[in-house]
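You will see chain A twice below: alongside chain B first, and alongside chain C after that.
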Partner chain A sequence: MNTKSITRSLLKEAGIGLALVLLVVLFALSHDKFLTVSNISNILQQISINTIIAAGMTFVILLGGIDLSVGSVLALSAVVGAKIMTEFGLPSDMAILFAVLGSVICGTLCGAISGAICEKWRIHSFIVTLGMLNIARGTALEVADARTIFGFPMSFNAFGAQTIFHIPVIFIVAVVIVIIGIVVLKKTVYGRMIYAIGNNEESVRLSGHNPKFYKIIAFAICGGATGLAAVMYMLRLNIANPILGVGFELNAIAAVVIGGTSLFGGKGSMLGTFLGACIMGVLGNGLLLIGLGDFTRQIITGVVIILAVILDTYRSRLEAKLTE
Partner chain B sequence: MPILLRTENLCKSFSGVVVLKDINISFEQGKCHVLVGENGAGKSTLIKMLCGAYTPTSGSMYFEDLPYQPKTSRESIEKGIRVVYQEFNLLPQMSVAENIFFDDLPRKKCGFVDFKKLYSQTQKILEKLGLDISAETIVSQLGIAHMQLVEIAKSISRKATMLILDEPTATLTPKEIERLFQIIIQLKDQGVTIIYISHRLNELKEIGDNISILRNGAVIKNCPISEVDNNEIVHCMVGREMENEYPFFDDVKPSDVMMEVKHLSTPIVKDVSFKLRRGEILGIAGLVGSGRTELLRAIFGADRLSSGEIAINNQNVHIKNPKQAVKAGISFITENRKDQGLILDFEISKNITLSTLNQHQKYGFINKKDELSSSESYRKELSIKSSSSEQFVRFLSGGNQQKVILGKWLATKADIILLDEPTRGIDVGAKYEIYLLLWELARQGKAIIVVSSDVNEVIGISHRIMVMSNGSVSGQVARADFDPQNILSLAYKNYL
Partner chain C sequence: MKIKVLGAILIALGLPFSVQAAEKPHVCVVMKSLANEFWRTVEIGVRDYAKENQDKFTFEAVGLKNESDIDTQINAIEGYITKQCDVIAVAPANSVALIPSIKRAMNAGIVVVNFDVRLDKKAAQQMGLPEDFLFVGPDNKLGAFEAGDYLAKNLPKNANVVIIEGNPGAENAIERKEGYIKAVNDNNLNLLASRTAHWETEEANTLMTNLLTRYPNIQGVMSANDSMVLGVVKAIEAAGKTGEIKVVGFDFIAPVKQLMKDGKVLASEDFFGKDLAVNAVKAGMKIYSGENLTGWVKTPVRLVTSKDVQNEMPE
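== the complex of A and B ==
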């Protein structure tokens, strides 16, 4: 590693990290409740679900695809898990175990089906997952009979409220998922293939690989992460509802894009996605604390998303200069 | 003849590295000025400064004796300087006519495009160039050679004082090259100055008036082309004598049959059968579009077969996709490096291990050390000019990019190696290294197929030549009977 390549790799995440630190400092200075243990714990709780979904979404976007169905798939997975927990009269340990498995498998299947359709008929994932968005939502409403499901085992609800040194359990789960994501993308053959396919699928195919397989797996990962996010959501809310998760896909995509991952695929990182999700969370919480209304907050969030991408183009130009 | 454009002590450096130093060249009006030099000698950089894409670090340029400091390519276009790059700038989903007149579409009074006028104007230009394609053809349906000619048509459709052609003949067949040369002579008569970049030394004398030879960013020689011969040009370019353009080793002899292709057909290839032996270099000649690339792709499983069989070591194999081809011991070096071979934004090391990553992993985790040492050994073996294995492939020259691809396939230790235009757009020195490498592989008992549009190249390095014409094999020629005339007439056989 020479200085140039070190600078380059620092540049990749440093920009977003710096933005996050700036935001935190800004809010800390403007409101004395922001940097309290309870508020930070609150923020961590809030960003966990988006972090998990965005982690899965990163795989799909790195391939140049997109998954618009995650919000609906989250609802369907939650409903499926909730049904398993409440309707079969299983002992609570078994009920929880099967519910978690059920949610994750349900999400994985939805993702795998979307991915398989994209690859089999060569349709852009935008369209296929738009279809899946409706299918999953409809199915969720059907399965739950449009009702809220509650009455989860006590131990399940209690686990969701737990914290370790004030850190919410579901945030720890999210961090573990992010770490697994980083390792998979950076250290494994599969991760290498994701970047390679995102850059040039035909070269990968003609080098003796089967890109379709890797791509379907990526959608399955995204779905599986969404299923896990559904479990986390149930832990937080202690209910499941077929209209959960509306618009979650946009938050996840925003986190990935703010994190510096290119929508064209091939460039980006899991750490970036995590920082992107943090920025979204801190922004939402901070703006609320300093007393801005819902509408203004939405406007500012929109501006930040666009600003992040603009800044990212400058960053990559600088990076290109260093490489030249 | 008056001087149209001249450079005075032109220099260019990138982040402190000098790429061009003290370039003094005068381009005479109405003359064809040939620019030669190995890849990385600085030809492209010079061109980019002439057309305003790069700003010189120091030195100056004069256009018709007035200072000329283009800051954007628009300024150079206003002067009538037009460039046809090696990489096309066409809009693939639009028609030939729309591409040619894209900046200046004829309009009706109401502002809508006047398609009638557009097509008739285009047809006129196409006829002038002797191109028998319709103005309404969608560009993506054209072969690569036709795309090249459309690029040229585009650049001369408007006012041009200077036409810069970067390797225009790399993809053209002899007949098309002849037509191109006629066009160039026509343009010269109209007073257009031509700058012509090519690695094919034999064609330079046909159309060139003056020559500038570059090496390592400096002009080594600047003179009328009649004053130098090919040997001297090569000597100036590489700084050493090249004994023989095409190496051939008598002691490497084909042995037993490695692969047999039986009645292979695809929508384009018709009933092709041939045998390939260990230690053999089989050249495939033919016109662009005669099905050579498609044949290789079908063998490699990149396209589906309609019928036919392939046997390797006397065993029938059913290759349905490239993955199975690699397993069966086949390598395929594609014609289009950037789109079908490399991951441009990956490092050299990652590109070299792209096909063999499974050898450098345990439980799915990449052994980085192992990967680096393996790729480093290929980087050294192939002498890929680069600062380290961590350098991005995008910034390598064409010849070095090709070596990276060769490294990737050498790593698979495949027995059958298919190469499609392996030396296209590559400088003399790197070409020679690639030929030597092919011979080394043949000596190891590998079976090699080389597709090339350069008849001299196929003749120079093959044991045997198979000629394709309009999708089928029009003849197989043994080395003793090699003759350019004969091969060309075979190439045209099925079109007549």
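== the complex of A and C ==
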């Protein structure tokens, strides 16, 4: 590795990392409680769910696709898991095990179905997942009869509230997912194939690989991550509700895009997505701490999303110059 | 336009069945989001009532995908006008946007009853609705005041409280906030913040967690609905402050009843969702049979406290 390539790989995440550091410094200066252990622990808890969904979403966006259904699939997976946990009178260990499996499998299936339909009929994922958004939401409402499901086993509820050295367990799960995501994307054939397809699907096909297979798997991964996020949601709030997760897809997409992943595919990273989710979380927490009103907070969040992406374009230009 | 025509055709297809029952009045109910637990209860209540009274009227109902789906409501009313039904009870998703459609329905000779959320008085007058147009619904402001007042009575003087609001701009969210503010003022509470969590559990959880960081001295929480109470209670638990912070909510949904049993929620305001649309249909039938009803027919609200729940006989 020469100096140039090292600088380049550092630069890749530098823009977004710099933005995050800037935000943290800014909030730390404006409010003395921002950098306390308990507040940081809170932020980590608050970004976990979005991080897991966004990690799955990264695979799909790297392919040049999108998954709009994650919010609804989250609700459906949560409702399915919650039903399994509460309605079959299983002993609590079994109930939890089957509920977790049920949620993840449910999410994976939704993703796989979306992906398969996209590939079979060559429809853009925007449309297919828009359909899935409605199907999953409707099914969730049907399954739960529009009610909030509660009364999970005590051990399940207690686990969700646990922290290890002030780090919430659901954040640890999120970090593990991100690390797995980084390894898969960087070190495996499958990961390299995702980038290759995102850059030029035709050339992948001509080189004798079948892009369809890889793409369907990516949607299944995204769905599976969403199913896991549903379990995290239940751990955090100890309820499942069929109307939860409305708009979560936009938060996840925002995290991925702030993290420097191109919506056209082929360019981006899992680490960037993680940093993007951090920015969203820090922003939400910090703006409230400094005491801004609801509407101002929404405006500033929007501005920061755009600024982060603008910053990123400078980063890519610099990178391009270095490559020359 | 195309959609309207399509709607008319679809309705026409269903028409032959309702025409046969011409002597019995046909009652149509336009509700809000059936994805909302509370509205699901409203729907079940009114459907049961309609079943029991099959001999008196025929019935159909429509709900929305989400709380702000104004178009669907307008289309539904247009459809009911085309269908020439006799009574329409409508819970407007927006207190102004539905007025022109309601006016058209009235011009077509249909009895219209406004329930749940009151139409904007000024706009209603401007668009030619009667000055004292009938409204059947709960007094959200009074209900919230009751809950807030009960909270205040259970807190020390000048206690620090926060309000968790519903969707900004939603009529019932505004009224409930007004009720809570009145409780704050009348009892000289110290209001630290009033913020929205958009009726949503997860958002309320995040909001409350962050509010607790900013104001570690919070003693009481007034939440505009019970879904948000669920998130608030989890945030209080996570902060290790269970028992130190008292919470009141609105809607009295099942999971909150459980929390009240455990003593984690102080009180919630029940406004009898099961009867809400039923009362509107009853009022509509009265007008249809010639009675003159105007003004505000208040549907009951009742404060349910954790003591009430704990004293209840085990089911």
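The working rule: the second predicted complex is superposed on the first by the 324 of 324 C-alpha atoms of A that agree within 3 Å, B and C clash if a C-alpha of one lies under 4 Å from a C-alpha of the other, contacts with A are read in each partner's own complex, and residues count from 1 in each chain.
By definition in this document, a residue touches a chain if its C-beta (ideal position, glycine included) is under 8 Å from a C-beta of that chain, and two chains touch if they have at least 3 such contacts.
Everything quoted here is computed from the prediction, not taken from an experiment.
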item	value
Superposition on chain A - do chain B and chain C clash or fit	fit
Vertex chain A; arms to chain B and chain C (CA centroids, nearest 10 degrees)	130
Partner chain(s) touched by A:T301 [first = chain B, second = chain C, both, neither]	neither
Partner chain in contact with A:K187 - chain B first, chain C second, else both or neither	first
Which superposed partner A:S316 touches (first chain B, second chain C, both, neither)	neither
Which of chain B and chain C A:S262 touches, first, second, both or neither	neither
Which of chain B and chain C A:T86 touches, first, second, both or neither	neither
First, second, both or neither for A:V204, with chain B first and chain C second	first
Partner, of chain C and chain B, that touches more residues belonging to chain A	C
After superposition on chain A, the shortest CA separation from chain B to chain C (Å)	28
List of chain A residues in touch with chain C within their complex	31, 33, 36, 38-39, 42, 45-46, 49, 137, 141, 145-148, 150-151, 161, 233, 236-239, 241-246, 284-285, 288-289, 291, 293-295
Chain C - residues contacting chain A, complex	34-37, 39-40, 66, 168, 193, 195-196, 200-202, 205-207, 209-211, 213-214, 227, 230-231, 234, 237-239, 253-255, 258
Chain B - residues contacting chain A, complex	14-15, 300, 302, 321-323, 325-327, 332, 334, 339-346, 350, 354-355, 357-358, 361, 364-366, 390, 392, 395, 408, 412
Residue ranges of chain A in contact with chain B within the complex	1, 5, 187-190, 192-193, 195-196, 199-200, 202-210, 266-267, 321, 323-324
